[in-house]
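Handing you this structure, nothing more for now.
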Amino acid sequence: MRIYVIAICLIAICILSAGGVGAQAPARREQLVYSLTAFDGASFSKSFCPPSEDTLYFIADNSSVIDARKTFIYFWPITRRYMAGFRSLDEKLPGTIEILKGGEVIQTLQRQTYTLFYPEGYWSDKATLYSDQEAERRFAEYQSAVEAFNRKLRDYYEEMRIYREEFNRFLEEMRIRRESGEEGITNIEMPQEPSPPDFVDFYASEPAQGFILNLPVGNYQIRLRCPDGRIYEGSEKNVVVFESRRTGGVGYEIIPGNRWTRRESVDDPSWIIHGAGHNVLYFNPYHQAEYNELYHNKLEDPQNSGRIERWKWVHIDPIDDVHMVLSRGEEILQQIERAPYFVKQIPGPELGYEIIPYDDELLQRGYQPTFESYQIELSTNLPPEEYTVSALQDGSAEHLPESERSIRLLRKENANYLYPIAFFPLVFGIVVILSRWTRIDR
Amino acid sequence: MIQTENLTKQYNGFTAVKDLNLKVEKGDIYGFLGPNGAGKTTTIMMLLGLVRPSSGKVYLLGEELNPRNVDVKRKIGVVSENQYFYREMTAREYLEFFASIYRVPGVSDRIDELFKAVGLFNHQNKKIGAYSKGMQQKLAFARALLHDPELLILDEPVANLDPTSIKQLRDLIEEENRLGRTIFVSSHLLSEVEKLCKKVGIIHQGRLLAEDDMSTIKRRLSDTVVLTVEVDKEAAPHLEAVRDLPFVQTVETTSNIFTVTLEADRDYRSDLSRALFESGCVILSMKTKEMSLEEAFMTITQQNISLLTAQEDKS
Amino acid sequence: MRRRNSYILLIIGVLVGVLFLSVYFSTRIPYGILEGRIVDEVSGDVVRRVRLSVSDRTDILFNSKDFRFTHLSPGHYEFIAEAPYYDLVNEEIEINRGVNTLEISMRGLEIPGLDGIISFTNSVEEGIEIEIRFRNTQGRGITDYPALPLQLEGTLYHREGTRDDYTLGRVLYEGEIALFWDPEAHLARNKGLIPWDEINGELVEETHGVLELVLHTPQGSFEDRVENVALTRKEE
Amino acid sequence: MSNRGGVVKTLFKRDFVYTFYSWGFYVVLFAAFMISSFILKNFLDGIREEDILVSAYPLNYPLFISVIVISIYLVMLSGVSISREREHGTLEVLFYGPVTAGNFLISKYFKDLCLGIIALAFCAVYFYLVSLTTNLGFTAGLVRALVMGVFMISCVVCFGLFISSLTGRTRSSVLVLLAILGGFLALQFVHAALIGMEREALSTPMLYLRETVSHLFRGINWVSPFAFLNRGLDAVVLDSPLLFGLNIFYAVVYSVIFLILSIISMSLKGVKA
């Protein structure tokens, strides 16, 4: 009897606890959040940390920006995430950020001006953080570059206008000459079309204010202190500053020739490229670093989840000043240079595409290359064995560290033999047991 | 060879063996008698160090027993009540295995010799799983004798055997005894012990009731007659009249019935009826229950326990 | 069998006990929580940019009434609330273990730089709604101000003529106009209403009125006139 | 050779040899390899569409599955090894002679470990044949994984022996083993489910439960032999000699602790069912 009573109590506890799950639907509240511009190994991830998350994550010895502000926070049950209504309320909280380690304040941060500088243009991921005067200078540089571009554009439009007028005159002249019976090549000079100016090839974000944080590996706490010395309610958070487990490796993005939109990554040195049949592969090497999955996901957005026992590779920078080699053992089979390629759409009923080398003809027809890459062809003539691809610094015979990847060409036609192989322990067993039977009296 | 001092074993408040003091001399065939559940197996387990005594001491071959002292165990052979085997082995493999554990020299000859002695020579390459109970018992004997032990402990050795096999094994035991081995046989069959043993210990409910020469014990158990006397009155008030008679050993009453144990040296029935008549009772019936040795033991009751203990006191 | 059952019961009992105790202790917080609402005394609306302080903690509410401080050790504290153009609130409070609630209303002091009013009217279903906007010396609208105890009086005339050229006609309404607070509004959160059934006489479609207003504030009285009051009831 | 060593060797030899005279061992290997073949066949079929597939070393997963299957077999085998001899009485007969709990357990341990090693040798042969057939490659990593497998199997066997030393009957050994392993799995599941839940969506008792479960989970990571298996094979994939060595060290410590616990528990429990 007693056991039933206890069981009922246990069930009741579970039901009551489960009841709490639905009961606490949080409403829209004005709350303190930290907005984050965190260095993620390659670029900067922007997110915010809602009050529900008590820890912020940053990569060690790199600058990241945080700022404390008040906004409306609400829970969006569909995505199970907190959302911030920065449009309806976005107020910076005045004060300084204190960084504590072991209960002692080790740093006090003031708001600083900063800009994110993208040396390869707005669309590139690569960015550098500049602060204070350098930030102002970089932004001013960008602004003057934009102004210069605008001036050039105005000039270009003016040149275009003149060109059109000249061209019309040229056509008119031609018409008159033709009408007057002149035939063959005329000696009138055709006006040259002006070329448009190139857009600014870098970008700097508008300078903003924030606390710039740059810490060595460790666990810290932060809090926001009001100018009058009080601590803001809800501003205390833990900070985990971590570093990459493995750095200096080379990872590859592979564009398979027959499906250029679905790419493969070969980041971990232990990963193997398995091929069968004919393949053309375009390799794009990257510098990379390996981070803890949980920490890095939380760095990208504190509301992300991840597993602390897993690791992930982050591509830092594309590598383009190397050549690649395909080898079998010590024997080098192919040496591959980086080259531009063009993806040509195939019109008609068989909608598809073809990747062709970019050449002068395409250039003259005004096409831009679609991508640049290292092309490796795995032909059906190669015997099914293990091959290695690796990247070598131009002009050097040394492989870049951790740049080697195995390519295995498989005999997939033999897949059906796998089942018979599994029977061999049984065969072995039959032999052993039969031999035993012959040795005993029945 | 075996000596115990106040050996006691309690399981969760139940006393299986209490203050047991055994003494087995070198060269004895010692019979350890008692009904099922009397504590025989527990005692043997304690002798072998497989069950830890609650209190008391065990001396085997002159040394105090220590579970880690395996050298003593090399000098003991054991046949247990139930036979446990690796049934997937052949009999020969089985003996070879134990020979290896006991490090028996000249294994092959010794095994041949034993198979011949127990009559299993032609079955030695059969799987033990295919053996009959009797064959398994014989194999167990062979295993126990394999390493030429000084002491042979046999727990109900002939329990599952047919008469021919019993004879065969009994001869074997006697033969081994003649060769100088001390033999400790536990049994609930008195007849078995009677034929083999020179010395007997009787255990009941964990206590050693008697330990003596076979002939003495035998006399004690057979020298009594139990009478059931029905009278016309309530028996209890007349108890004293009966108890005081010199030939009466014990007496009990239930309603109008006396259960009286008499000495068996002559017929005391007329003396008894006279005494009862004089105390004012009329005898309605009188029945004699004369037990055989076997019966007496098989149906051990409070009566013959008190009988054994009473005589112990007298002598 | 019975022994084993009693072991199982004992183990389950201990587990349940541990669970209960831990739940009890985990829900029993060892510190005080202070939570509550802070509102404008007159309007019951949000007090903008109110800064709250208790112990060594602080918080600024930009657009909310609800506040909450946690991890306060039990004891006596001074609770301070300060907001621009509001009277400072300074209260002795006692914090006990668990949740403590505090309701605060703040009294508005002044409308900053008030120099006059601009009024608009709007015909709505209930009557003629009057928006009162405050302007400063530069004639700009004032957006951030507390609710003050105001009184509005007005006279509504029938307009004879066009907006640019009219004479005042008969009086349609005269006297005090009820004021209410519109928290959603940006500039004119003070609003008045003249209900239709308090307007004298039959109203003819497409006619307009002229409304003369006097607003009494702690910072003085201000007048304004609305010259094109639509006298048509707006049906929803 | 010392007395003790001789006894251990004899016990070991008997147990070891007779395992090969029954079907269990072969059937388990067959099952493990069938599953592996199935996985590898799928892998190869996966290449059919695109003619390319990037993956971690594809034999790792089947090897992991094989080691798991072998471990389950061995944990069951070792889990019943003492209780079965207890139940059948054969343990008692051994203890009539010069056999102690220590040499009995050590012989059992080495028997199961050697069975594991033989099973891993079979795996090596299987994977070698697979790699010959399909060119999936028999790499140094696989060899390292097989070496690690020996230590992992040692953990599994010691755990099984410990459970067996506690129980008197085969049936209860199996039930206890299943209950413990099932409990580990259930806890892992509950842990995953609770960790995945939003903090905001949990009531205080549930939060507490989550904390408790996560502590328990951390504890289990050092008690469950399968957790060692996981970590060990991870160390192989990561190709870190330090981690590899460390895991071997952990496995040895774990084995020794559980072996000693088993000997103590067996001495206390005695030879009877």
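Labels for the chains are A, B, C and D, by order of writing; each one numbers its residues from 1.
Note that a residue touches a chain if its C-beta (ideal position, glycine included) is under 8 Å from a C-beta of that chain, and two chains touch if they have at least 3 such contacts.
Here the structure is a predicted model, which is why all the values come from computation and not from measurement.
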Touch-network distance, subunit B to subunit D, counted in steps: 1
Identity of the chain that, by mean CA position, is farthest from subunit C: B
Pair sharing more residue contacts (C-beta pairs) when A-C is set against A-B: A-C
Nearest-to-centre chain - CA centroid comparison: D
Geometric centre distance via CA averages, subunit C-subunit A, whole Å: 48
Averaged-CA centre spacing for the pair subunit C and subunit B, given as whole angstrom: 103
Length of the line joining the C-alpha centres of subunit A and subunit B, rounded to whole Å: 88
Computed distance of Cα centres, subunit D from subunit C, in Å: 69
Sites on subunit D at which at least two other chains make contact: 21-22, 204-205
Multi-chain contact residues (two or more partners), subunit A: 13
Residues of subunit B touching at least two other chains: none
Interface residues, subunit A side, partner subunit B - complex: 439-441
Of all residues in subunit B, those that touch subunit D in their complex: 45, 48, 50-52, 67-68, 70-71, 73-74, 76-78, 80, 82, 84-86, 88-89, 97-98, 100-103, 143, 147
Subunit B-facing residues of subunit D, complex: 3, 6-7, 10-11, 14, 18, 21-22, 88-90, 92-100, 267, 270-272
Residue numbers on subunit A that touch subunit D, as the complex places them: 13, 16-21, 23-24, 26, 52, 75, 80, 254, 256, 258-259, 264-266, 268-279, 281, 305, 309, 384-386, 406, 408-412, 414-419, 421-426, 428-429, 432-433, 436
Complex interface listing, subunit C residues touching subunit A: 5, 8-9, 12-13, 16, 19, 23, 53, 56-64, 66, 68-70
